[in-house]
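Some structures to go through are shown next.
You will see subunit A twice below: alongside subunit B first, and alongside subunit C after that.
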Partner chain A sequence: MAFASRRLGKELSKIHGNLPPGITLVTAEGFEEWLLDVQVLDENPIYMGKLFRLMFRFSKSYPIEPPEVTFVNTTDRPIPMHPHIYSNGIICLDLLSTQGWSPVQNVESVCMSLQSMLTGNTKNERPEGDEQFVASNRRRPRDIDFYYHDNTV
Partner chain B sequence: MSSEDEFMSGMSSEEDDMLQGSDNDEGSVDDFGFDEPEPDLGYSQKDDVQAKKKSFDVNFKVFQPKDIQAQQDGLIDEVNMILDIRKEDAAILLRHFRWNKERLIEDYMDRPKKVLEAAGLGPSATGPPKLEIIRGFTCDICCEDEAGLQSFAMKCGHRFCVSCYNQYLSQKIKEEGEAARIQCPSDGCKRIIGARSLDLLVTADLRHRYHELLTRTYVEDKEHFKWCPAPDCENAIECGIKKKDLDKVVPTVACDCKHRFCFGCILADHQPAPCTLVKKWLKKCADDSETANWISANTKECPRCNSTIEKNGGCNHMTCRKCKHEFCWMCMGLWSEHGTSWYNCNRFEERSGSDARDAQAKSRISLERYLHYYNRYANHEQSAKLDKDIYNKTEKKMIQLQSASGMSWIEVQYLNSASQALQTCRQTLKWTYAFAFYLARNNLTEMFEDNQKDLEMAVEALSEMFEKNVTELAEQKLKVEIMDKTTYCNKRRIILLEDTADNLANGVWSWSTDF
Partner chain C sequence: MKTDDAYEVSDSSDWLETPLRSLSAVDAALRCQVCKDFYTTPMITSCSHTFCSLCIRRCLNNDGQCPTCRAKDQELKLRLNAVMEDLVEAFKKARPEIYTLATKPATSRASKSPKRGREGTDKAVEYEGPSRKRLRSTRQTRSTQELVIVDTDEEDRDFLPDGFVRCPICSKQVKEASINSHIDRNCPDESYNPKAKVSSIPSPSKGNKRQGKRPERLAQVHYSMVKDVGLRKKLSEQGLGTYGNRQAMERRYTEWVTLWNANCDATHPKGKGELRRELDIWERTQGAQAPFSSANHIGAQIKSKDFDAAAWSTLHNSSFKDLIANARKKAQASNSMLESRPKSPIPELPVSSKPHVVSPNHEEAQDLQALASFRDLSYMPPYASQTYQNEAILGNGNAFRNHPPVDDFQDARFAYGQYSDASIPEYSNHLPMFENKSDADSDNPTIPNVQS
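And now, the complex of A and B:
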C-alpha cells in the first residue's frame, strides 16, 4: 500500500479545505475508501438542489491503476439521472477505465470531470438496458467492457 | 470495447492489399497457394489428408511458434539489408508499421527522418534515452519533489520519476499484456514508449516478458493471422477471410491441436450460423437465462405413468423402465413417430397471428417459440457431453475386452470415429437451432428443416448404438452397422452445411431480424 498511500496522503493535504466549488470531502479515513459529495452549480433542472455522493476505492497500485468510482445511494443522496450512469451507481466513463485512465489524474480531477459531465447533461434518462444491467451485473466496474459510444456526453 | 471493434482494429483495405503483397514476397501463401507443398518450412501437410474441398470449407494454414519466429526474422533481415539499418531498429520500425514491410520501405525512402522520429528512433541531439536529475522537478504521478529524484521523459517532454515509470510499465506489461503500443503516462499523450527507453526503465524480468509480448504482436498485427484460442496451444492460423465476408461465410478452421474454431469470432465452430447471428443468439440466451435454465435438469417424468426418468446418455430415445413407454426426451412425443414422415420434433409450429389477440398471448407465443429452439440447442450441447461420457466408459470396457480376447487396437477405432462424428454433428445441430430461430419462413426453410431432421435422426440412431453393452458392440455385425451409421451421419452433416453455406454465400436466406 506504500505507493498508493504516499500519493493519497499528498492528495489529501492538498485538497483539505481547498476543493473547487460544489465538491466537498466527506470522509477520507485510511487510504482505501473515500467519500465525496458533488453538486451541480448551474441551474440544470435535472440536478437542481440535489447532492450526490461519490465513493472512491483505491487499489494498492493507485494511481497507476484507476480508482473504482461509483455514485452511492443514501437517504438524501440519490443516484443522478444520466445516460451514462446506471441506477446502481456504476458510471460508464472512459476516463475511469484501464484504457482511458492516466496516472496523472487524481481524486479532484475525477470529481471535476464527473461534475462537468452532469452539468452538461440535458437528458433525464438512464443508459439503455439499465434494468437488465443492474439485475445481472456481478462484475467490478473496471472489468466491464463498456462501449464508449459517445465520449462527449 | 466491443469485440467487433477489436476485430476491426486491423487495417484499412488499402493496407491489407499491401500485406497480401508482402505475404507473396515472403514465400508465404495467399488464398490460392494453400495446396502447394512447402516442405522446406516444415509445415504440417494436413492438406494431403484432407478430402476434396467442400463449399463450406475455407482455406487456412497452421503455423507453429518456430514458423512465426522464422517469418519475423525473415522480414527483419530483409529490412536490415534494404534500408541498411541495425536489425534491432528494423524490428522496431516493422512493429511500428504493423509488419507492413512495403509501406515501411516506401515511407522510409520518402522521409527517413520522419519515419525514424515517429517510431521513437529519431537521431536526437540529446543522444540515446537517458535518466536525468532535474532541479525543481515534481513528479505528477507520485507528487514527490525531493532533490536528486531520477526522472525520465520521452520526446513529448512529459517527465516522471523512474519509480513511477517502473510501476506504470510493469502494470501495462504484466497486468495488461501490452508491449508494442504502451503510451506516455500523461493524460491524452499518444507517444509510444520504445524498446530502448523501456530497457532503461524496467528490471530484467519485465524486459524478458516485454520482448515475449513483442513477438506476439506479429500475429496480432496481421489481419490474416490469429492465435488458436485453445488453452496451452501456441499455434497461429492464417486465413484470408475478411470481416466484410462474414455475412457470406462461416470460416471454421482446425488447428493442429484438434481445436476447431471460427476464424471470424474465435468462438468454437458454429457452422452453419454466421458470426453476427451467433453473437446475437448468445446474448439472448444470456439475457433470458432465468427463463430457460430448467433445461439443465437431467430428469423428467414419463408422460404415461409419471415415474421419474433419468437421462444418462446422449440419446433422446427414452424408454420408461416401469411401463416401457417409448418417447422423445425433447418433445415428449411418441418415439415411434420419430422415424416416420410424421417427425416434427425439430419444427416449431408457428401459430397464426389471429390466435394471439392480446399482447400477453403474443409474448407467450414468442417465449414458447424461443424455448422450442433454445431447448433443442441446449439439449444437443448437453447430449454431446453425455455422448462423450458414455463413449469414454465404453472405450475403457473395450480395452478390457480387447486384452481378454486378443483383439488389436485398430479393430475398435470405429468407435472412436463414431464418437467424433457424434460430437461434430451435435455441434452443427446445436447451431442449426439458433439458425432456425432467426430464419424467416420462405421456400428454402422447408429444405433446411428437412436437412436438419435427417441429420438429427441420423445422430440419434448412432447415439443409440452406444447404449448397447460391450459384448454386443464387439460383434462384427454391429461394428459394420456402427460404421455405416457414422458414415451416414457425416454425410448428412455435409449435405446440411453445403446447402446452408451455398444459400448464405448467395444471400438468399431471409431473417426475422436485422444483423
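And now, the complex of A and C:
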C-alpha cells in the first residue's frame, strides 16, 4: 500500500467517532478527497448556528506535501466570512502552505486550527482584493504564494 | 516490516474503548508522527525527536526541517534510537495479547480474577486485564535481576550466590543441598556456572547486534552539478531505469537513495531486490509512471526544455485512444441531434496507432506552452460556484469558442469536479491535437484529423 493511503487509513480509523466537538466527517471515500463539516461552538455572532463544509484533497505525497484544504459552498453551507478566507473558499493559512506544513499535522489538527481561526475572528469581512482574486485566480490553492503577514489569527 | 500488517489498521485510540485507557498514551508514544505507524528503524534527530528512518529521510529531503519542531536538520546527523526500537518490538509482540485480554467481556474477567487471587501472591494479579502478562513480566524482571547480580560480581571470586557453596575439591559453585552427592560422584561438571546461565538469557540489546557486513550509505546528489549523462550513469550503476525526463530521473534517484539509506539503518536490512520492488511501487504511485504525478509540476515539466514528448505520448497513448473513442461517440450523438446543420463538422476519425501528441518538429514550443496553459485553466476548483466556472470558460477559453466541439470542452471541464485526479491528464493531454490544429488551420473550424 502506498505511503499516503496507509497514513490516511490510520487517520480515518482514528477519526471515526472520535472527532472533537463541532467537527464531523461527512464523506471519506477513498484517499483522495474527504469532506468534513465544521461548526463554531461559542456564541460568535458571525458564525452562530452555521455549518461550514471543508474539502480536503490529498496528493500521493501526503503527508510530506500538505493537503489542499478549501471551504465548499453548498446550499446550506456558506463560505465563512473571515479576513483570510476568500469567497471562493480558498483559505490563506500558513499551516496549509508548503512552507508552513509539517507532516505531523493531520486532518483532525487542520480542522481544529480552522475551527479556532473562526472562533477567534471578530471581523465580518473578506480579505482585501477578494473580488479581483476570485475572478482572476486559476491556480490551485497550494500554488498560490500568499504573503503571511497577520499573526493575530 | 511495514508490509506485514499492511491491512491491519491499529491505532492508539483502540485502547480508549477498553478498561486500559491509559495504554493509549503508551501506544501513541511508540508511533511515528509522520506515518502514524509503530516506528520502523527509529532515528533520532539533533532536536531529539524520533521518526522512522524512511519517514524522516523523506521529510528532510523535502524541506530539511524536523516535522515536529521545524528545526533545521540533516540526514547525516540522524542516529539510530536503539532503545526505542527494542521498545517497539516488545510492545508490538505484546499488543495483541494485551488487547485480547482487555477486550474480553467483563464477566469472563470477573470469573477468573478471584481464582488467580487465591493462588497468586503477586500484586499484579489485582489488576484486571493484563494480569497474566504482568505476572509474567514481573517474574522475568526478577530472574534477570538475580542474574545481573551474579553477572556483576563475577570477578569477585569469593562471592557465592545464595544457597551455593564452593566445592573444596574442584572449587566449583555447587548447590548447598547437593554438595555431598557432588563430592561423592567425583565432582562431575554439573555445578552452577553463572557465565553459562547469563549468556543463555536472550537480551534484547544482544539481539540487536548488527552482524555481518553492513551495506554502505549512498550520498545524495547535488543535481545542479550533474549533467544528464552523469545522472543516467548513476542510475544505471544502481541498476535503476533511466527513462523519463530529467526531473523524473532526479526524483527516482533521490527516492532510491532515501530507501537505500533507510535500509542501511535497519537492524535486518532487506535485499536489493526488495528495495527495487519498493521503488517500483513508488514509481507507480508517485514517480514517472504515476497516473498524475504530483500535479503541481506538470505545467513546468511540459514547458521545460528537455521535455520528452515521445515518452510522454507513449505513456499516455491509451488515454488518448480512449478519449478519441469518447469524442467520436459524443460527436455521433450530437450529429444526430443537430441534423439541421448543412455540413457535419465531424469528419471520420480513424483510430490511429500513432501517438497524437505534438511532434517535436511541429511548432513545439508554442504548442507545449498552450498545453501548459490549458493545464492551468483546466483546473476548475469544484468549490467555485457554477457562474464562476462559466465566467472562467468564457473569459479565458476564447480560443475554443469558434470550435464547434465547444460542448465537449465544457463537458470535459465541468465534469472535472466529479473525476478523480487520475482522469485530469486525459483531458489536458488530449488537448494538443486540438490546439495544434487550431493554430495550423484556424480558418477551418473542424475537429482536426487525428492522424498527425
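A few comments on the model shown:
In the analysis below, the second predicted complex is superposed on the first by the 152 of 153 C-alpha atoms of A that agree within 3 Å, B and C clash if a C-alpha of one lies under 4 Å from a C-alpha of the other, contacts with A are read in each partner's own complex, and residues count from 1 in each chain.
Here, a residue touches a chain if its C-beta (ideal position, glycine included) is under 8 Å from a C-beta of that chain, and two chains touch if they have at least 3 such contacts.
Note that the coordinates shown come from a computational prediction; the quantities given were computed from them, not determined experimentally.
Overlap between subunit B and subunit C is detected when the two structures are superposed via subunit A. Looking at the shared chain after the overlay, A:Val104 reaches both subunit B and subunit C.
In the superposed pair of complexes, A:Met55 makes contact with subunit C only, with no contact to subunit B. With both structures placed on the common chain, the touch criterion links A:Gln132 to subunit B but leaves subunit C unconnected. When both complexes are overlaid on chain A, the residue A:Thr70 reaches subunit C alone and has no touch with subunit B. In the superposition on chain A, A:Asn88 contacts subunit C only, with no contact to subunit B. More residues of subunit A are touched by C (comparison of subunit B with subunit C). When both complexes are aligned on chain A, the segment of subunit C among 1-9, 55-63 or 433-441 whose C-alpha atoms clash with subunit B is 55-63. In the superposition on chain A, subunit A positions 3, 6-7, 10-11, 61, 63-65, 98-99, 102-104 are in contact with subunit B in one complex as well as with subunit C in the other. Per the touch definition, subunit A reaches subunit B in the complex via residues 3, 6-7, 10-11, 61, 63-65, 98-99, 102-105, 132, 136, 145, 147-148.
Listing the residues of subunit C that touch subunit A in their complex gives 2, 6-7, 9, 11-13, 16, 33-37, 55, 58-59, 62-63, 65, 67-68, 70, 281, 285-286, 290, 292, 294-296, 376-377, 379, 381-385, 388, 391-392, 396, 420-421. Considering their complex, residues 1-4, 6-7, 9-11, 13-14, 18, 30, 32-33, 55, 57, 59-61, 63-65, 70-73, 88-90, 98-99, 102-104, 106, 134-135, 138-143 of subunit A touch subunit C. Of all the residues in subunit B, the ones that touch subunit A in their complex are 1-2, 5, 140-144, 164, 167-168, 171, 175-176, 185-188, 286-287.
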